[in-house]
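Note that the chains take the letters A, B, C and D in the order they are written out, and that residue 1 is the start of every chain.
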């Protein structure tokens, strides 16, 4: 077993690139703030997505230049958007009916912790004592598929993949794929468990295990993360 | 006691005229089919109403000529409407959110039976074995005020005002005013009971009692129906 | 590939509706907002034992409800008369006139079709709940009446309420005025009716429209049913706006 | 008399909001759809012990969330800093940045304000329920989390759901683009946000708009908040569309 140098961890853009391989033509996608937002830069050729935003817009387009910002055209992160053909606007009740009613094919979210069963904790940092839930719980429960895109370890170097979340939960058993800067796990099976399917260059299953605070099974077809 | 000649019963138009005296300036009003529809012809001077229709239109205007009928502009009775300034269109969920959410100030409905407590039966004729509930239950429960406008007796001459409804109910304890072709009753009091407040010309309390299958109290200020 | 939900013919649009499916049929009762051509195609397809849900089960011929004078309605009756309907869920299932029965009422009297009557507001709210991920809600409408028989009740603020559950369908047949190829739909006037709630509450939503345009040709402020809810759009072509 | 819901000044529009009232404040978080002038008037009125409900409790200064570059937001902070708020109900109450706290968070740390955090979708659905006459509904959102602590739960189709109740207010302060004198309101783009659900869920709904026009000047297909939900409209006048 070799634990690679921390420098061998993947960049945020590469995590996003790997997640973007999960996009299917025609998917309705909601991207969280942070690494998830970057995924839109790496949509595979031939794939057209409909982006949904909780701010009340479907098929929203790229960011506007700051100087062209229209206060009546923002995304869920408060960024100004360009108008694009085929958009539609609606109120918050409709925006969340779309999420909660199972109409979002895929959401990509950041996380503070993900458990081996796919429990997600991403809204409340106990040290702050107060937090913003925003639409996180609605998305985690309502989207057909939830992918977590995050760094594998937190700033203290502790694993963000854990046996049981110690931070307050966003939703139980909701995550189906975890893409980090060292590995890709599926959350699968009747009892829901982690299944290591890909590793970053220079990493192997043992090395991933040494930085992961949860048990996982290793795919017979374990391979290096493919980005194309 | 004199029971007046049946011919002395009020016309449908006169019932509607009496009901229209209940309209207040700015009221949002939903009128049922039949006598209630006629009320719009007798709105007092200086009173502007916003008419609501379950078909999905607010502030709807008068009927259109048949030849000008637009299939996309109908009322709840399937009649074609004229377009008027200040209308708005919405779907059925919103149309009924307005009704069920308590946003209709006044609805005027027909009835098969009304009980002394203000229970309403107006959707199901047992002899037919099947019936149209339409929006009747929603209106009876949701409107701030429910007025029944009807003939006092059915075709067999039986009282439509009864101690207990024998026909299937539309809603319990919902009616606050009953205007018939012989009398006007309020439904009032902690235990909800009938209070005779007006009679048609030629009628008195005893005469009304002789055609009414429910007990009622008589107002000290009982008077002849006022139409102006 | 640019997303394109256009289906060239009504026949193809409904081709996978199987026997036993639950199908929403849009509109309010009149000709506006009613998917006539989709219903004709479903009649021609011949799927049996369908459950249909919507405001009506067809209107009597000719009662004139929301139909141009002298036109014989194309509505639920064509499916009823073709023996395709096992169950109706509706608020206004029979003719407004006792003496002029619609096809549904005649079939109901013969014991051929099951009926569930639902208050109009509860019916559309049950569809809206299905589309919005709400499995059940409480409403005072219907409390104490035969239509709440057997249903759970509970008091809120001293008012008896009925527990009503989400109503989904396998297919929704709806009708809009204009769609774009992405599946955004805009309606005209009172023709939104049940179409909007149904679109979000069905597994597969198929919309008949007067016209299909390119994305961007519908004002984004005028989209009443966003593309997320729509699977197939099919144009009436030469028929355009109309009641046939 | 022709119905006319116009109020000439912001001061008059909010004059009857008493101490202890529950007040919805519209918008999503950015400048669009946020009733700035109504909030300023409520600040000047000085009502105390208010409960405010909405998506945020103000944003940090200056985080740029939905605000033109360099502009200092006019938002909930002006009420918080004036000591008028007893309780906040919100999904996004604090700044997105741990290091740049908003006025609410500072007051919360000092123990001056009570907080109820509600998932964004549940929050708007609770308002929508209040407007639509639904006393309570079930949702899977929040099940098994701290935000469902103490709430009734029940399984539907094997999924644990939380019972959530309607959320009403005494007043809603909302913002639209254009109103007519009857109270019909149309919005622009993403500024519908919470305004639409709030308008229907408050006893008194007051809308700040860029412009007030005569009935008929708003396309009836473009009315997003029908007049039935609106009690007062007040125009921004020379300020027109803008963030101040």
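Heads up, the rule we're going with is that a contact is a pair of C-beta atoms (placed from the backbone, for glycine too) under 8 Å apart; a residue touches a chain by one contact, two chains touch by 3 or more.
Everything numeric here is computed off the predicted structure, so don't read it as measured data.
S.K.: Which neighbours does chain B have in common with chain C?
M.R.: D
S.K.: Comparing the two chain pairs, does A-D have more C-beta contacts than A-C, or is it the other way round?
M.R.: When A-D is set beside A-C, the one with more contacts is A-D.
S.K.: Give the label of the chain whose average Cα location is farthest from that of chain A.
M.R.: So the chain farthest away from chain A turns out to be B.
S.K.: Using mean CA coordinates as chain centres, what's the gap between chain B and chain D in Å?
M.R.: Chain centroid spacing, chain B to chain D, equals 37 Å.
S.K.: If you average the CA atoms of chain A and of chain D, how many Å lie between those two points?
M.R.: 29
S.K.: Counting only residues that touch at least 2 other chains, which ones in chain D make the list?
M.R.: In chain D, residues 125, 128, 132-134, 139-141, 188-189, 220-221 touch at least two other chains, as defined above.
S.K.: Using the touch definition from the top, which residues of chain B touch two or more other chains?
M.R.: Chain B, residues with two or more chain partners: 57, 89-90, 93, 96, 99-100, 142.
S.K.: By the touch definition up top, name every chain pair that qualifies.
M.R.: Pairs flagged as touching, ordered by label: A-C, A-D, B-C, B-D, C-D.
S.K.: Which residues of chain D touch chain A once you look at their complex with the stated criterion?
M.R.: Checking each residue of chain D against chain A gives 28-33, 55, 59, 63-69, 91-94, 96, 98, 105, 108-109, 115, 117-122, 124-125, 127-128, 139-147, 177, 187-197, 224, 241-243.
S.K.: Could you pull out which chain D residues touch chain C in their complex?
M.R.: Chain D residues touching chain C: 125, 129, 132-141, 156-157, 159, 161, 165, 186, 188-189, 220-222.
S.K.: Inside the complex, what are the residues of chain A that reach chain D?
M.R.: 33, 53-57, 66-67, 69-74, 77-80, 89-93, 96, 99-100, 124-125, 128-138, 141-142, 168-172
S.K.: Any idea which chain B residues touch chain D in the complex?
M.R.: My answer: residues 25-26, 28, 46, 48, 50, 52, 57-59, 83-90, 93-94, 96-104, 142.
S.K.: Under the touch definition given earlier, write down the residues of chain C that touch chain A in their complex.
M.R.: The contact residues of chain C facing chain A are 1-3, 128, 130-134, 180, 182, 184, 200, 214-217, 220-221, 223, 226-229.
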